[in-house]
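Following this line, the structures themselves.
Next come two complexes built around chain A: one with chain B, the other with chain C.
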Partner chain A sequence: MLALYLRLIGARIRSQMQYKLSFWLELIGFALSTGLEFVALALLFGKFPVVGGWHLAEVGVLYGLSSTSFGLAEMVSRGFDAPFELMMQRGSFDGVLTRPLNSFFQIMASEFQLRRFGRSIQGALVFLYACRHLTINWTLARMILVPLTLLSGMTVYMALIVIGATMCFWTIKTPEVINIFTFGGDALVSYPLSIYNGLIRNLFLWVVPVGFVNYPAALLLLQRTDPHGLPAGVAWAAPLVAATFFAVACLFWRVGVSKYTSTGS
Partner chain B sequence: MEFPGSSATGISLLSAVRMRNLRLYYEIALRAFRRASIYRAAYIAGILTNAFFAALRCFVYLAVYRAGTIVAGFSANDAITYTWVTQALISIGAGWLPWDLMQTIRSGDVITDLSRPWSFYGYWLSRSLGERCFNLLLRGSVTYLLGFFFFAARIPRLTEALAFVVAIGLALLVSFAYGFIVNLTAFWLIDNTGVMIIANILLTFFSGFLLPLAFFPPWLRQIAQLLPFQAITSLPAEIWLGHLTGPAVWRAFALQAGWTLALTLLAMLMLQSAVRKVVIQGG
Partner chain C sequence: MALIEVEHLRKTFLLAVRPPGRFAALRSLLSRQTRPVHAVSDVSFTVAAGELVGYIGPNGAGKSTTMKMLTGILHPTSGRIEVAGRVPYRERVEHVRRIGVVFGQRSQLWWDLPTIESFTLLRHIYRMPVARWQANLHSFSALLDLEPFLNTPVRQLSLGQRMRADLAAALLHDPTILFLDEPTIGLDVVARERIREFLEHINRENGVTIMLTTHDLADIERLCQRVVLIDHGGVVYDGQIATLRTRFGRWRTLVVDLNQSVDHVEVPNAELLRVEGTRVALRFDRDHTTAADLIAAVAARYPIRDLTVEEPAIESIIRDIYEQPNTLQ
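So, the complex of A and B:
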């Protein structure tokens, strides 16, 4: 299965590299657009040195963790985006169902957007910049926490993209509202969760756990305490939360597939 | 091969608008307006998304402002009002460039539109105006009303509101011309997605959409003031805020009008050379 995935993805990447100029322009474009978004955030800190008690470098940790994982998720799961939507509209999802392979796997392997890595590169740069300006006590546990958090974040964002795609089974078009949780979630958790009201905090911690994967981890790395009493130790539960959320998304996908009625002529 | 419409793609502005065809362009705009009104799920989702992002930024402003402070001429209420008005302006192209023209160039459908007996620029302009007027009236105003109810975004005085309407009209023209120019690069590049992405971030950053230009450091602000993007977002928003008054409003109008002329002219020139290219490819 993995070998097949790598082979399909390899073909995708090779085909994207055929238009070299386009590829690099898009990669740079994605890095630049998220980069300038961060510049806008940094400029805000030029006028207001602290946001909810956090300095720019500390917010950089939050931003870096979320942005890097969101970029990774976008890179691997864009098959669930436009290509899948087109499949639904044309009715070509029928073909997917006839092949002797899991439909989830097929859709995931149908697209791999290397250029989305631009967002991750930019997020990682911000994270490194933040770490240079902070004195983080790098214990072994903290070093393990970073990749674990990135993986959990990627999983949560992937699950969201899958949930958005699954809605296609009923609505044919991916509802734009899912952007609130993907792009909006990423923007929201770039600031400390403590500045939001209870409704938003709880929504992004416990229902759509985008905030669960970077906020507690940042608390732990920076040795901060949450004013609303969220213990930093829950950072270690992030993989579990992410896996649960992904499982829910997969289940939802299954229900969607079972409800599929073809479109088209 | 000679396109009937190619005479209208000349540089002369008058020929672009062609007064006698005004009725035709009105009908095109009306149809675009109606088309936009059909996709109810799309605009409800749009309103929700815009309001979400606006609320998010308001929470940030509420966290950084202390009572009564004014930063770079912005009170907390100014910052909140600015946030909601710029989110509402997404409906006229403050946040995203349109991709529709580029798609017709890629697919080749552009040939049909070019050979129709009307001004190609006028056709796309009317379509865009119709669609955006609908979005402004519905998406924009509902988004702003949410800001008014939940975050006490400001309601301006009548004169400010009237000046805002004029500024929006000019902003629509500038925004359209910029989008047209960027879309048109598809004639020269096989895949202009990268160009579109970069053009898009320049727009959102330098127009003051991501952050008010007042919060920029002076040198960066000067750069922003030399670029056309502030005519799309920042100037109308500052008029709505009541930050520009008297002669400053007229200066803003003049600046917007200047950019409208300059960008429209550039768009026409590009279209002219693009049409020549199409003729060569199709010949």
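So, the complex of A and C:
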């Protein structure tokens, strides 16, 4: 299955390379535009050096973890994004259903957006920069925690993108509301979760678990305690939470496919 | 046992109804009013292995919707479908592994890649043994003359080339059934004929069962022993083309060339269609009179120089059926 995935993605990248100039322009443009996000964040900290008890470097850890995993998710689940919407409008999802492969797998393997890796590179740079300015006690457990958190974060964002795409089965267009949780979620968790009210905190931890993308892991890494009593140890539950959320998204996808109505003729 | 079994198949879509008046778009977001549309209301038929069946009907009759249910794309609202012992939408992956599908309107190939790369990707998707795949590719290349454009990106192919490539792509994995939705749409006469020859060949020689929808009745006359004619979501005729002609094509046209031009011609049991100088066209009902009697009746009144009897074209028969659906009851 992995071999087939790589083969299909390879075909897709070769297709993209047919338009070389546009590819490079987009890659550079995307890296620059996402880079501006952290610049904006840093400028804010020029005015307020501490937000909710967190300094700029500490917030850099939050931002870096979320941005890196969001970029990875966008890169691999691009097929569920705008190209899928187009597929629904044109009725070309029909073709997917006539192939002897799982439809989820096919959409996943239909697109791969290398340029979205720009967000991850930029996020990783911010994370590394922040770590240099902080004294983190790098135990083995903490070193394992970072990739585990990134993987969980990527899974959570992917699940959200899939949920957005699934709504197309009813609405044809991905409703904008899903961006509240993807782009909005990424922006929201760039600040410590503790600064928000209980409703938002609980929503982004236990309903749409974007909070798990970085906050508990940052608590563990920075040896901080959550003022609202969230134990830092839940950072280790992030993979489980992410996997559960992803399973829900897959289930929703299956329901969506069964409701697929195609287009006329 | 039949290869394809369809029983009381029905597909109802719920169309959103936009309430009239101001802020309609806004209100339609809040309350979704829907109206049921029966694309397919009651369709039953069976297809035996090795048949080549034409599935025809006017626009909006439910042809494509039926095809989409047969290929596992759409879930039926009710009724039963079995194709080679499988329920398409329930065992989609296993089902589509054994069928080939071509949508005339939409290519299934990788748009930006050379044609041969699509074939290679399909080999991996269908997990074809290399030797078998190569043998098939070789045979289809010869039949469809694919060689000249195997290395051309699909987006640069002509419509005829693209359709040939799509046909090959749908057959590379040795399907037992081929579903074709408008395989000759938009093609010129030569390209159409080539596609028809190919379909005839794979049906006869390779034993592939074929079911096709088309608006080109020449496809049907040329290829299909049997047609299933649907209208308003239900089957109106299912049988041999020849029977369709004898049962519904009662009307014949007698065209006579007279020695002198006439204004009007009147003979019993025939209806005057037109007079063009010396040429007169008369329509008659085969059940009421014979061509011989009619010719004799005309000859008794006017001197005849030449004559022809025109069989009804299948096209005009089908047009009659579309226009007057009650002729069948």
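To be clear about the criterion, the second predicted complex is superposed on the first by the 258 of 265 C-alpha atoms of A that agree within 3 Å, B and C clash if a C-alpha of one lies under 4 Å from a C-alpha of the other, contacts with A are read in each partner's own complex, and residues count from 1 in each chain.
Quick note on the criterion: a residue touches a chain if its C-beta (ideal position, glycine included) is under 8 Å from a C-beta of that chain, and two chains touch if they have at least 3 such contacts.
In this text, all values refer to a predicted model and were calculated from it rather than measured experimentally.
By the touch criterion stated above, A:91 is placed in contact with chain C alone, chain B being left untouched. Residue contacts after overlaying the shared chain place A:14 against chain C, while chain B stays out of touching range.
By the touch criterion defined above, A:261 reaches chain C but does not reach chain B. Looking at the shared chain after the overlay, A:51 reaches chain B, while chain C stays out of its contact range. When the two complexes are overlaid, the chain among chain B and chain C that reaches more residues of chain A is B.
In the superposition on chain A, contact of A:4 is made with chain C only, not with chain B.
Using the contact criterion defined above for the overlaid structures, shared-chain residue A:99 touches chain C, although it does not reach chain B. Applying the stated contact rule after C-alpha superposition, one finds that A:225 touches neither chain B nor chain C. By the touch rule above, chain A contacts chain C in their complex via residues 3-4, 7-8, 11, 14-15, 18, 90-92, 94-95, 97-102, 258, 260-262, 264-265. Those residues of chain A lying in contact with chain B across their complex are 19, 21-22, 24-30, 32-33, 36-37, 39-40, 43-44, 46-48, 50-52, 171, 173, 175-177, 179-180, 184, 187-188, 191, 195-197, 200.
Partner chain A is touched in their complex by these residues of chain C: 13, 59, 64, 68, 71-75, 89, 92-94, 96-97, 99, 101, 103, 105-106, 108, 110-113, 117, 121, 124-126, 153.
Residue ranges on chain B touching chain A, taken from their complex, read 41-42, 45-46, 48-49, 52-53, 56, 59-60, 62-65, 71-72, 189-198, 200-201, 204-205, 210-211, 215-217, 220.
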